[in-house]
Amino acid sequence: MADHVNLEHATGMAHQFENLDQQQDADMLGIWLFLVTEIMFFGGVFASYAIYRWFYLPAFEGGSHILDIRLGATNTIVLLGSSLTMALSVRSAQTGNRRATVMFLILTMILGGAFLGIKGVEYHQKFVEHIVPSLDWAPEGKVLAELAPGGLQHAELYFIFYFAMTGLHALHMIIGMGLLLWLVLRARKGAFTPHYFAPVEVVGLYWHFVDIVWIFLFPLLYLIGGRY
Amino acid sequence: MSQQIDSIKSYVLVFLSLIGLTLLTTGVAFVDLGAFNTVVALAIAASKMLLVILFFMQVRHSGGLVRVVILAGFFWFALLVAFTMSDYGTRSWTPTPVPWSSMAPPTHP
Amino acid sequence: MTFLALFLFQSLPLQPEQASTIAQSVDHLYYFITLVTLFFTCLIFFLIFYFMIKYRRRSPGERPKAIEGSLPLEIMWTAIPTLIVAIIFIWSGRLYFQNSVAPPGSMEIVVTGKQWMWKVEHPEGQREINELHVPLGRPVKLTMTSEDVIHDFYVPAFRVKKDVLPGRYTSLWFEPTKTGTFHLFCAQYCGAFHAGMIGSVVVMEPRAYERWLAGGVHGESPEAAGERVFKESGCSTCHLADGSGPGPSLNGLYGHSVKLSSGQTITADDAYIHESIVLPAAKIVEHYQPIMPSFQGQLTEEQILNLIAYVRSLGSVTGKQ
Amino acid sequence: MSTALLEPRVQAPRNYLNAEYGWKSWLFTLDHKRIALLYMVSITVFFLIGASFAALMRIQLLSPQGELVQPETYNKLFTLHGIVMIFFFLIPSIPAVLGNFLVPLMVGARDLAFPKLNLLSWYIYVVGGLFTLFAAIAGGVDTGWTFYTPYSSTYSNTQVTAVAVGVFITGFSSILTGLNFIVTIHKMRAPGLTWFRMPLFLWAMYATSLIMILGTPVLAITIFLLAIEHLFHVGIFSPALGGDPLLFQHLFWFYSHPAVYIMILPSMGVVSEIIACFSRKRIFGYRVVAFSSVAIAVLGFLVWGHHMFVTGQSVYAGLVFSLLSFLVAIPSAIKVFNWTSTLYKGSISYDAPMLYALGFIGLFTMGGLTGLFLASLATDVHLNGTYFIVAHFHYIMVGGAVMGYLGGMHFWWPKISGRLYPNGWAAFAAVIIFIGFNLTFFPQFVLGYLGMPRRYAFYPAEFQVLNVMSTAGASVLGVGYLIPLIYFIWSMRYGPVAPKNPWGATGLEWQTASPPTTENFAEIPVVTQEAYAYSEAEQEVNLG
């Protein structure tokens, strides 16, 4: 039993596995199964959104016209950029280039922070325009004119889903940032070798999944019915 | 797992095509295609997703089991949407109760 | 032992009364499925006991011959259950489909479920609480909605049941075949006195029904009728005279201006009051929450008109705005 | 259950129980066997809590006016009975206790794929449990375990949010357990252990884990949206803002119907193991039974609409869900026929596990067949929301899942604790439970057909006789459940030391010591035989 323990520290292989390949396969299958649970988790709220959008399209179109499409598009590009840097950090961990891994991880965190910053600006905008459901729902002026035709009640429903979906996504981003920080600390200590880089790959897959959720959120929330 | 290591160039290429698709979907939003807007937007989003899954998430190199797991995930999501829509979609097929005397029709189907 | 069983089953009804046209056919389907259940349960119990006795372990070292399985048997006990299940599905599907659509020319009655009571309104304006009088032999169609949570209109004797949802209409129909009083239950959990939300459906001879209908409430002034509806529908619980309740006060409202939460100011006229009853969330008075339930489908146009008459009469009362 | 109790009289060889002592060795263990025992203790606690709620309910229903408690309190009793029994006892019972203990042993591995994740699952389960217990103490919740809106989101002023958080957290415990099992079964099988040489318990755990992975997240998001609606009074599901209460029911039942298969499939796996061992025969039609587990798991996701036949769901959707609900009954029927045919020409012995397994087959058959009444549209209109439904799901849950759990506990107790329990008492308890169970729930079928609605704190007088019979049965059932608890605890101290393979069963878990060492196997075994190799020819090879 003792030799297994220091084997673990040396190569990072846990005692219940026979060899590193088996552990690597297990880790990959494990994270992909977790991502399937995340698909079903986000799936529930996407399905509800789809059904209410099918019921109340005019109100949802009104709500989506209020969102700032420029901020949405830049956010998408920022997040795609963070996906690129994440993929490059996994690649450099694979090739054993410790300095590049750390650099790309930090770059990913910076882009992630930028995304959350832009999101914060958008949320602030909603509070200023008083279109936060139940907390401060009193649309007026140009915003009211935009929302009124579809029915104020149903517009509030749109913003409930806007905050629920982007809020859930932002929460997953924050968790991702925490994981990236943990990775940076371990990478700096040289924990990852070309034979053992599973944690970087696992966090990478999680980060790409969060990016994919946004890839669908952006058109569904921001681009309903077109801006003509 | 993925022994082959893709070149940095391929990653950047994928990134640029993702940016292109994002600009495309934003641009298409300004064109009035009626109901088609949503279909196009979803198609572009799906292709961006495929790019990320196949290249960034290395599913191109990974084994069959991982692919089955991913397909199962999307298939089950489709089950949830399809069967829920089977209720909402067909609710108006049988004659909904004609409202008593001159009441307004119900707020939604 | 049999005497005891007989006594038990004498005093214990095993089946609710069959008092509607569809009760008979639903019960036939019920008997068929019961037979299927009894047959397979007895088959399995008998086989288990028989095998347990016949193949009990004779000696500790006994090693039975390996039996892999048999495809024909597997096919048989997949096909037969599928066949039986298909029969039940077709039989019950057709029955359900027929029962889901009310025959044309049925008597229309509006039922409103409200936390822990049933409010019934006949087309002639006759109103009842937790009671439903219907004539024998005529199909009756209920159009139902709820003022708060989900309830469920369930009459075991008629074998009919339908949830009553807030914000939309659901309907059920039945045609009584026996006079008498039958249980009415709420079969969807709806809060503290869910168990108390019961009543009875009284089926009467057509002539007796006409006499009952004629004896009802009629010949009332619109304001008085409006005031009665105002209390009966629970408006008085929120719209207090001094405005301290969850709803604004209606004294001195009619004809005067009202500031809405959206900043607009409008004058309170018939259209505003009608809309506030049917679609309350559309215009909210300043400093008030949009919690008023919609009365759509629960109040007849005649009653809304009576309510407006009543509110107009409050217009001249100088109370706190 | 402090380990001091386990001081064997003679110095026993090192095993996972006496490897370390002290509470730290239990609360920070990564050993799947110790985590299984942690789960066993916590779900027994929750079972006793849930059962006491049930006892209070049965006493309340003795009289038509129901004098024991106020209606509001009765509503809290049946809600908490439902929540505690389903989320904190039935769903974790076999997967978390027997599954955690046996999957690595049966697969021939030293531990599950992710031991730390396994311990995290137990802590998540306990945190969720504490939230729910806090909610129960701080006023309880009265929405029913189904949390139907708009009552739960707008009209109930009880601890809905606290319970929602509790159930939300506990959901992740079963997600992570499911993930652990799937990865272990896929990636860590011993050499030679092909898919069709695996014991059927592993097939059942694999199918159950599929449901846990694919279904539970939808419950998590539904409860999350409900908590938002309750907290912020927004109208996702309430009609005030145009929300549709039926959407909540669709999302809720998308998980909750597969959840009933999470509860019954593991018991089916246990029964397959027991029937094969005590009739010393390979399960009749091994592959068909294995595939039927997976078929139930997959078809289980397509049938949830039968809970909503009378809620104003569209007639056509009703027809679709009714047909699919009938089809999901077929694999269960196939399993019952295969179990029964395994007894044919076997050499059957009537040890306690076998009695529970045979009890399971009988009661599960009745439970499954009464499901036909509810899958068929016309009869469901009459029976929905009545005591017929209560009887149906108790026949499956209590008659099936709990009998399976007890059978499994009796079958593997020598392996878990290294001790034997008194066989006479165990057989007696099995008979008492069988009789008490039938006396409790069979009258409820008749009550349901007579039209007595469920969740009623008081009821019309004509239903009293059957309710009194049901309460009488409940007291017998209660006693029946206490007996195993007593002699299991007794056996840990005074029970005779168990041999490696007391029942002469096949399976890798029986090749380890009783109780096994922390690393399970000295070296990873190689599997050469088919599963359930009981017959003459295969015996020489088997060490048992």
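Here the chain labels run A, B, C and D in written order, and each chain numbers its own residues starting at 1.
Throughout what follows, a contact is a pair of C-beta atoms (placed from the backbone, for glycine too) under 8 Å apart; a residue touches a chain by one contact, two chains touch by 3 or more.
Only a predicted model underlies this, so the values are computations on that prediction, with no experimental measurement involved.
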B-D or C-D, whichever has more C-beta pairs in contact: C-D
Farthest chain relative to chain C (centres taken as mean CA coordinates): A
Centre-most chain, if every chain is reduced to its averaged C-alpha atoms: D
Rounded Å distance between chain B and chain D, as computed from the means of their C-alpha atoms: 36
Between chain C and chain D, centroid-to-centroid distance (C-alpha), Å: 34
Rounded Å distance, chain A centre to chain B centre (Cα mean): 16
Centre-of-Cα separation between chain C and chain A, whole angstrom: 45
Touching two or more other chains - residues of chain D: 186, 214, 218, 239-242, 244, 246-247, 251, 254, 315
Multi-chain contact sites of chain B, meaning residues that touch two or more partners: 65, 72-73, 76, 80, 84, 88, 94, 107-108
Junction residues of chain A - those touching two or more other chains: 25, 29, 33, 36, 40, 43-44, 47, 51, 55-56, 151, 153
Footprint of chain C on chain D - complex, ascending: 66, 71-72, 75, 142-144, 148, 150-151, 155-156, 238-242, 244-246, 279-282, 284-288, 310-312, 315, 318-319, 322-323, 326-327, 329-330, 333-334, 336-338, 340-341, 343-350, 358, 361-362, 365-366, 369-370, 372-373, 375-379, 381-382, 384-386, 446, 449-451, 453-460, 462, 465-466, 534-539
Contact set on chain D toward chain B in their complex: 186, 214, 218, 239, 242, 244, 246-247, 250-251, 254, 301-302, 304-305, 308, 313-317, 320-321
Touch list for chain A against partner chain D, complex: 1, 14-18, 22, 25-26, 29-30, 33-34, 36-38, 40-45, 47-48, 51-52, 55-56, 133-135, 151, 153-154, 156-157, 160-161, 164
Contacting residues of chain D [partner chain A, same complex]: 104, 109-115, 117, 175, 179, 182-183, 186-188, 213-218, 220-222, 225, 228, 232-236, 240-244, 247, 251, 254, 519, 524
Parts of chain A lying in touch with chain B, wherever the complex brings them together: 24-25, 28-29, 32-33, 35-36, 39-40, 43-44, 46-47, 50-51, 54-56, 69, 73, 76-77, 80-81, 83-84, 86-88, 91, 94-95, 201, 204-205, 208, 211-212, 215-216, 218-220, 222-228
